[in-house]
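The first chain written gets the first letter, and so on, giving A, B and C; residue counts start at 1 in each chain.
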Amino acid sequence: MNDLVPSTSPRDMTWARRKQALARVWRELRHDRAGFVSLLVLLGFGLVALSAPLIADRSLLLAAAGRNNPDLASPSAQFLLGTDDIGRDVLAQLVWGSRVSLFIGIFATVVAVVIGSVVGLVAGYVKGKVATVLLAIDEFFLVVPFLPLAIVLAVILGRSPVTLAIVIGITSWAGSARLVRAQVLTLSERAYVERARALGAGTWQIIFRHVLPGVTPLIIANATLIVPGAILTESTLSFLGFGDRLSPSWGKLLDGAQSSGSITLNAWWYYLPPGLCIITVVLAFTLFGRALERIFDPRLAGR
Amino acid sequence: MTATESLLNVSNVHVAYPARRRGGKSARAVDGVDLEIHPGEIVALVGESGCGKTTLARAILGLQETSEGSIAFGGELLPTSASGKKAFRRRAQIVFQDPTASLNPRHSVYEIVAEGLRIHGLGENEHQVVKNALQQCGLHPAERYMLKYPHELSGGQRQRVVIAGAMVLKPQLLVADEPVSSLDASVRGEILALLQRLARDENMAVLVVTHDLGLPWNIADRIAVMYLGRIVEIGTTEELMANPKHPYTQALLSVVLEHLGMPQQILVGEMPDPTEISSGCRFHPRCPLVQSGEAQRLGIADRCTHEDPLLQISGSQQSVACHAVGV
Amino acid sequence: MPAVRGVDLEIAPGETLGLAGESGCGKSTLAMALLRLVPPSTQITGSIKLAGQDILTMKPGQLRAARWAQASVVFQGAQHVLNPVRRIGRQIDEAIEAHGSASASRAGELLDLVGLGARRGDDYPHELSGGQKQRALIAMALACDPLLLIADEPTTALDVMVQAQILQLLDNIKRERGLSMLFITHDLSVLSHTADRVAVMYAGRIIEVGAGDALLRNSLHPYSKALTASFPVIGDPSSRHQPRGLAGDPPDPNNLPSGCPFHPRCTVATDECQSVDVKLRHVSDDEKRSVACVLVGKQ
């Protein structure tokens, strides 16, 4: 235990403590091989997505770009991953597609987590009639098959990346709400919450001082596990033709690959890369999320 | 006791939990209690688990709704508005049984003790107030403890932190619910000595809820014995312990004071559920006077089974609820 | 991590030995070790002789026979020990069956013996009160007629009156069957009534042992003195408004002080105490008292 100088103010000490906690998380993550490798993989994908303009020019995505290129050409020095059915560079589409897939995946998760956390928090702490109504709504979203719902919403709300992310977020929040509510219920029964009430704390003071800090690690770990689902949903929607009409995405590539018969033609460079990318990113997020859960778990138990 | 105005006046308070099932009986956890506490005095509320002492303590602090009766603090009824309740919290505080559970493991000692100040917006000089509270509760040097976290403290130290957290608000009444039961025996004395010292130094009334009969002998001015939701006997510690008048109190003391060679009166069975309170005197099914036939001899047997005895004065400061007293 | 550091104990037939100490002193570990009920990674050295046989060198078969038929345990925390989904009577039967002859009436007899009544055998644990569950545990412990009953904090969570009932029950059983008992507790006031001899443990060692009443009325080791003072004698003016306790905290078993482990908290510690850790030694014949303190028994 480090001996802090007595003149350290309590606020400095709180920050020092937070830094220490983060350092601990980092340390434990380094030891968790699966989690650490996954993090590196994700950072790699993120890097590629961010540097898309440096790797391939945007113009390569236009339908016109493929006019002078051979259709479904196998990989060569010029086209590292060959061309698609109308001659466009597959690698360019893959790299720009990663932007869309990752963006939608992460933004959708943010939407889902925000809705889920607020609903879970209110239902868990306030209880009563409000909670009953919220839980009923939550149940609806849990039970309804997400894909048909997503398709319907996509058609209604429009199909830009942002609206798609919102749509996917709407179909994904229900599970988080349940988790958050369960944790909030547990925390609000704790003796130190009763002590805060006895001291005169109001609802919001208790939520911010005691409940939220206890729920946040859970929300973070849960969020990283929602991302893979969101990415898969986006890919599925795009594959089915309900995704964004304009931008490329991995799902769209798969759709293109399938409808152009590249599978029977053995144009593996068209269907394999997007599929592998989806699987890799989903796996990486899942493993990373699990690692975070493991690291946060002893803290959830109250240390 | 001098004729000081009472700090706390509990009058005919009932706390009844509604029946779980339709047609079931309600649980009368507190079934008609009158209690007065004066500034600076230490009162022990003694009884076995299930007798309603914790429920009563929580009702006094407004943490539990009452179904009947009134509670007056400093001459005024307990406030019902949110802001009134919040203001009341500064005047009456509670220390719970398990100090470990009462402390948020993520907060430092400083944050825990300062919590009360921050809730009520008493932030100026916060550092000094926290420091004084920690030192007053025996945690020297305060600076060293401020930076610690609950898991780095022993049970006794944790309880001191909890008490310090209550003391920053300078309450007039401190309710301590089994303050030393979860602590090691050797630490018990120190915490009790602390409570006693705080009561004297701050002229603060302390209501200690406990099942341990030795505790009141150590620090309490008065003892109230509860059975099945009622106070069956109340008096100064000396009087009650030297001369218990209610058969329940007598039985309890006989079991604890074995060193005096008194014959032990071990009651049969256990205290019934608060849903099963019998008619007449609630103690009569287990009362040694009834079972030995003494009640019959005294001619009160009928009253014991049909009439609910009220607390009546007997002795200079003692009150007893028993038909056999004063016969 | 040494939980118990050199303990010598003897219990005569029909005798009750009270083992007193606070949390972390090693008393529960010692109790579990007596029947080798400790985790496999625990090292037990020394010898534990039960009715002449060494428990530590027994083969597994012999050990199983010894457990419950020669010595049995009444654990603390009754609610966590009883299986919540099986009836009480069945659980007692299981204990009997595990050791040979099963007899349906036996469970009923035992329940009668402990004051619960044979009919309660059909109840589930949650239908019993705390005191009743404790009685059920005692019935289970007596199922195979043991010679020694190890009771680990049997009355700790119970109310004063129920506690008195259980103690009376144990006393009756003890006298009827000539049972020996090791009664472990942190509550000294309980021992004054039940124990023939009392041993006080601190930091894994026994620091005082002697005849029950005498030790509790007049302890010699500074720790025992402080511990007995923590339980006030009601009616004694010296404890009125004078709660007495011990400063500091029980030591960390991983980080024991040098010399006598009690010296940091001891009010009469001398320089010698920081380096010398004296063993239990005989100080009085008539009270059969032994104390582990440099300052006691010097004459």
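List of remarks:
Quick note on the criterion: a contact is a pair of C-beta atoms (placed from the backbone, for glycine too) under 8 Å apart; a residue touches a chain by one contact, two chains touch by 3 or more.
Bear in mind that the values here come from a model prediction, so they are computed numbers and not experimental data.
When chain centres are defined as mean Cα coordinates, A lies farthest from chain C. Ranked by how close its C-alpha mean sits to the mean of all protein C-alpha atoms, the top chain is B. Taking the mean of the C-alpha atoms as each chain's centre, chain B and chain C sit 31 Å apart.
A straight line joining the Cα centres of chain A and chain B is 52 Å long. For the pair chain A and chain C, the distance between mean C-alpha positions equals 56 Å.
Shown for chain A are the residues in touch with two or more other chains, of which there are none. Multi-chain contact residues, meaning those touching two or more other chains, do not occur anywhere in chain C. Counting partner chains per residue, chain B shows two or more touched chains at no residue at all. Touching chain A in their complex are the following residues of chain B: 61, 63, 82, 85-86, 89-90, 93-94, 96, 98, 101-106, 108, 110-111, 114-116, 119-120, 127, 143-144, 146-147, 151-152, 162, 165-166, 169. Within the complex formed with chain B, the residues of chain C that make contact are 22-23, 129-132, 159-165, 168, 186-189, 192-193, 226-227, 229-235, 239-247, 249-250. For chain A in complex with chain B, the touching residues are 1, 4, 6, 8-10, 13-14, 17, 190-192, 194-202, 205, 209-210, 213-214, 302-303. Interface residues of chain B facing chain C in the complex, by the touch rule stated above, are 48-49, 154-157, 184-193, 196, 211-214, 217-219, 237-238, 241-242, 251-253, 255-260, 264, 266-267, 270-271.
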